[in-house]
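Below you'll find the structure I mean.
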């Protein structure tokens, strides 16, 4: 039965995608993108990818939308239509689609336990995780230890995006756009969002912390937690105004979070090196290799959470501050 | 000095000289020119010091770097290269004396750059002369092109830059487009590019491919100015006269014909080439160039351009001699390089001296100039006679050898070409001499005397050398005979 | 054909279609924000490709419960990869949007052809 | 583990972890000093690695102590060592010279972010090169791409923004294509490790996904590498970037993508898929030839100095691809050598451009009159590097041209026509380099008429000349890069372990 639901979701996904491309109102497009992400997340959940679903929901539907909206506020809502001549674009993407569909006829069928992906490498992870690090969530085990180096790279991608946005938006705005100064008081004068929102913020942050520290046992981990906490703070900023949010969590703290998180992760790796292991080999962190692994995972997940949360908030504030400047 | 050290010194000395000149140029012009003269003198000492070794049959060689497996920067002195190096280094000193007179007399700009590039060009010339394989030859050949470019474009105005563009364009296009593939082909076919007595290609290539490869070499070496790749040489005449004199009568053009001769002798091997019918075209091409260039020279009105076309014709003498593929002719080719060098540098010196003294550049302006500039015009006369090949000048000796080679090869085309071109040479030089000595100056002409002393001194020396070579050519012929001694004479 | 098998193909085709839709927007649209929206759809499609291949019939999310024998788990590795890819996607997007904001400020427009016309 | 064994990891970790620290270095000059120190350190590591692999050994490093294919492995062999040398070399040299130029182009308060991004770019590129894991390559590709977007967006002109936006879009499409390709291969083989893929791909029966994957990976990487006709992002991006960024990126960024392309293709596909060599040649050869000819012709008529050089880069990428498309040992050797030599030449040229920019705000050729008089040393260095780009003997560029022509002749039937292409484009290079030379040396100075001697700052000039001299040095003594290039070729197509 769930598969029928999946078919339905996928159909909806395509419809949403087409609608996003067709609409000329960018605000609508962004909102639809958010829905698109939620549909995607639901679909991931059906396909047993709980961690990914959580991330897609938090990042795709939450953070992305917020960033899009803050950019839209600075650039305008409407796209200018482009008349005629869509053959070239259609031709290119048509060829691409054909190619992909051609490839699909030889691929292993969905859910086939005999498929190569389920035969090689992956079973090893499922088998060895209890032995080496004794945590239930294999996704977390792979993410933070077996492929911890990827995750370190990922943290640095976020870090790069953060310094990039700060760098690019760090120039004083050239006053070419004559937009009226935006009110900065957020939604303070709207009663219902005010009350409900205020009530929600602590719970969101609390949930974020739960996801952070529960990542070894259930779906979750640093990325999801960082994104969720960031969303909570952004909600606060929307309610109380950006200035208020900055008073609660100042820019310097955010930067320290980003830098600290990235360095914390890296430092764990370096400590492993100094203790005689390979980079990011947590087993050497404690006398008992299993405990060492657990310790390492805990610390780096904290680093990831800090970095992601700090980076997303910095990015948001960079856009929001721009808004009040112009 | 050990010969091996001497080889490297001969190349590094002008380089070091260039650096010293650049530094000295910032201090004072006198110091700069003293440095130039000193470097030139030292170079003569080094290069000529190698002569006894060569005469005794020694072939000093040195390898600098194996750039890639089989591809080395290596030097090996043999008679042809020795002769070329001795000639270029010797004339550099005389030319430097002349340059001082000319450049000061003309109040040219950027004199330091001029002397620096000159020294660089000489270093490259030494490299070409001593190159032990095709790659090294190519390396210095290109350096020579590039280091002479600033000299050609010295004046810097638009017309000059355009001519310099032709100069560089033709030389680089031919060398990259034809010479380089020919070299790579040779390396791939023979597995080596070393200059070896008797050639390296025998048995490695056959049929029309040989003719094709020869064509790539001959037209790739644009400096030899075999038609139709001769266009750069008249274009290069925009350069100051000392440049035309030493580089475009001696170093650069001789580097071209020298390279062709060397390739024919040491890469193909004359016996191998003689047995290959597909290589015969080279001789006819050279003959065609000689006649055509002489005919074009007849129609020139500018002195330097006339000399340039005369040079093109004379260069093809060397190529034709080399392509005759007979021992006597090869010796003739080598000697003609020397003979032509002495004669042509004298002519250019004279043309430059006339320009410095009177700013005259056209032939018709030369009426009666013999009386105003007797020294210069005497030298000019000697040079012109040598070009025609009248005894007792150097030109006679070399023509004799080439003609002998042509008879040996029983090649009537070559014989006829030599005779015809001698007539043509006379046809364009004698009227000038007549005009200079026997006609009256136009009324109202500006009075002028001789050029600065340094310039006159230099051209008198080279004129004397032209005469002297007629009498004292024994050692040179003996040295060059070594090139072909292994063959039946 | 079993429903799961159909779903397999369907997932895959949806991936292909969504990918093309996204790419179409990137190529065809001149509004820079719309291009970025297209880009993010384009990237999301790839997530679907990876996650589709992690499913094992009758499997559950790869969280090992102690004391429950013979569990069948879906493949955890593609999930890890996509976690990373999602974050990469949002990072690129943020950077792109920052540029769009600056472009709007210095050119006064975010339509590609108007920007090209301005210089 | 000994320190030497850690080198492959340190190559990435040192610049990467320095980046967050740099952000914190607010006082002026300190950020630069820190970044330069990190850059030099990673250059030193690259040299040590190159020395270690010269005898043909491969340095393997298991990240986190998990052996491949379960963990992520780093591998440094001759090919990676060569590319590492040029990446870190370009990064360090450009940093060393950067200070004065960057001070003029980037506000002091943004500089720490700028240098941090620089180090991230360096770490990302190095990370791609050392990685032996297909997905890990993607992650580091993104780090380096994001960093280069940031660096280019620092350009002083507003035109930098649309240029970098285009780069971002095309770069992301390229990376995503790569990701799709890797996903398809993973689907069919169940592994992400390159060597493991190579071993298992032969067992795959159903080839459709693999072929499509090969297509996606090749096109994705070709986009990143600016292979003609996917190069449209490159000229503008390089033209409007800050000068020092152009030096860094032009020397190595596209080459790293080519490195992955060559390595991925010859390791994973060519070895086991019948006909793939032919398909690769069929794909790469025409693009390479077209790229060489078209880009060279465009460069001949380009009026802006930086854009001219950037366009010429597209042609040079064509050379590298051409060598690779022969799928022979000689071809790969030529490719690898040309990567190295072109980095030297183009890096030197852009360094000289950065020098020129000190006194010539407008870098159009028509505005550069009198440059040789004002900045004789800079112009001389520019000429030397230009000659190397042309491939004049005695310079580094000649070595790779020679190898390339030899490889073309060995490649059989079409050899001579390819030689003709290489030679014709070399002559085109003569034309466009000489247009620069004439502009610098013979053009009348513009109306302002300031012709006093005014060289670029010493620090910048010294680095420029060092690179120019290296162009000559490696033209006469190319043994080190040549040994590495030969090693790479033996590794990739020669069947050596």
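Should a chain be cited, it is by its letter among A, B, C and D, assigned in written order, with residues numbered from 1 in that chain.
Following the convention adopted for this analysis, contacts are C-beta pairs under 8 Å (C-beta built on N, C-alpha and C of every residue); 3 or more make two chains touch, one makes a residue touch a chain.
Everything numeric here is computed off the predicted structure, so don't read it as measured data.
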Rounded Å distance, subunit A centre to subunit C centre (Cα mean): 12
Approximate Å spacing (C-alpha centroids) for the pair subunit B, subunit D: 44
Averaged-CA centre spacing for the pair subunit B and subunit A, given as whole angstrom: 74
Chain centre separation (subunit C, subunit D; CA means) in Å: 29
Subunit A residues counted as touching two or more neighbouring chains: 100, 104, 107-108, 115, 117-118, 121-122, 125, 147, 150, 153-154, 157, 160-161, 164, 168, 171
Residue numbers of subunit C (touch at least two other chains): 19, 23, 53, 77-78, 81, 84, 88, 91-92, 95, 99-100, 102, 106-107
Shared-contact residues (touching 2 or more other chains) in subunit B: none
Arrangement of touching chains [line / ring / star / complete / other]: other
Every chain pair in contact, whichever chains are involved: A-C, A-D, B-D, C-D
Interfacial residue positions of subunit B with respect to subunit D in the complex: 64-65, 67-68, 71, 73, 135, 138-139, 142-143, 146, 150, 153, 156, 161, 165, 168-169, 172-173, 176-177, 180-181, 184-185, 187-188
Partner subunit D, residues of subunit C touching it in the complex: 19, 23, 26, 32, 35, 39, 42-43, 46, 49-50, 53, 77-78, 81, 84-85, 88, 91-92, 95-96, 99-100, 102-103, 106-107, 112, 115-116, 119
Subunit D residues touching subunit A - in the complex, by the definition given at the top: 1, 6, 9, 13, 16-17, 19-21, 23-24, 61-66, 69-72, 107, 109-110, 113-114, 116-117, 120, 123, 127, 133, 135-136, 139-140, 142-143, 146-147, 149-150, 153-154, 184, 186-192, 200, 204, 206-209, 211-213, 215
Of subunit A, residues touching subunit C in the complex: 3-4, 6-7, 10-11, 13-14, 17-18, 20-21, 26, 29-30, 33, 36-37, 40, 43-44, 47-52, 55-56, 59-60, 63-64, 67-68, 71-72, 74-76, 79-80, 82, 86, 88-90, 92-94, 96-97, 100-101, 104, 107-113, 115, 117-118, 121-122, 125-126, 129-130, 136-139, 141-143, 147, 150-151, 153-154, 157-158, 160-161, 164-165, 168-169, 171, 173-174, 176-177, 217-219, 223, 308, 315, 318-319, 322, 326
Contacting residues of subunit D [partner subunit B, same complex]: 387, 390-394, 399, 402-403, 405-406, 409, 419, 423-424, 426-427, 430, 434, 438, 441-442, 475-478, 482
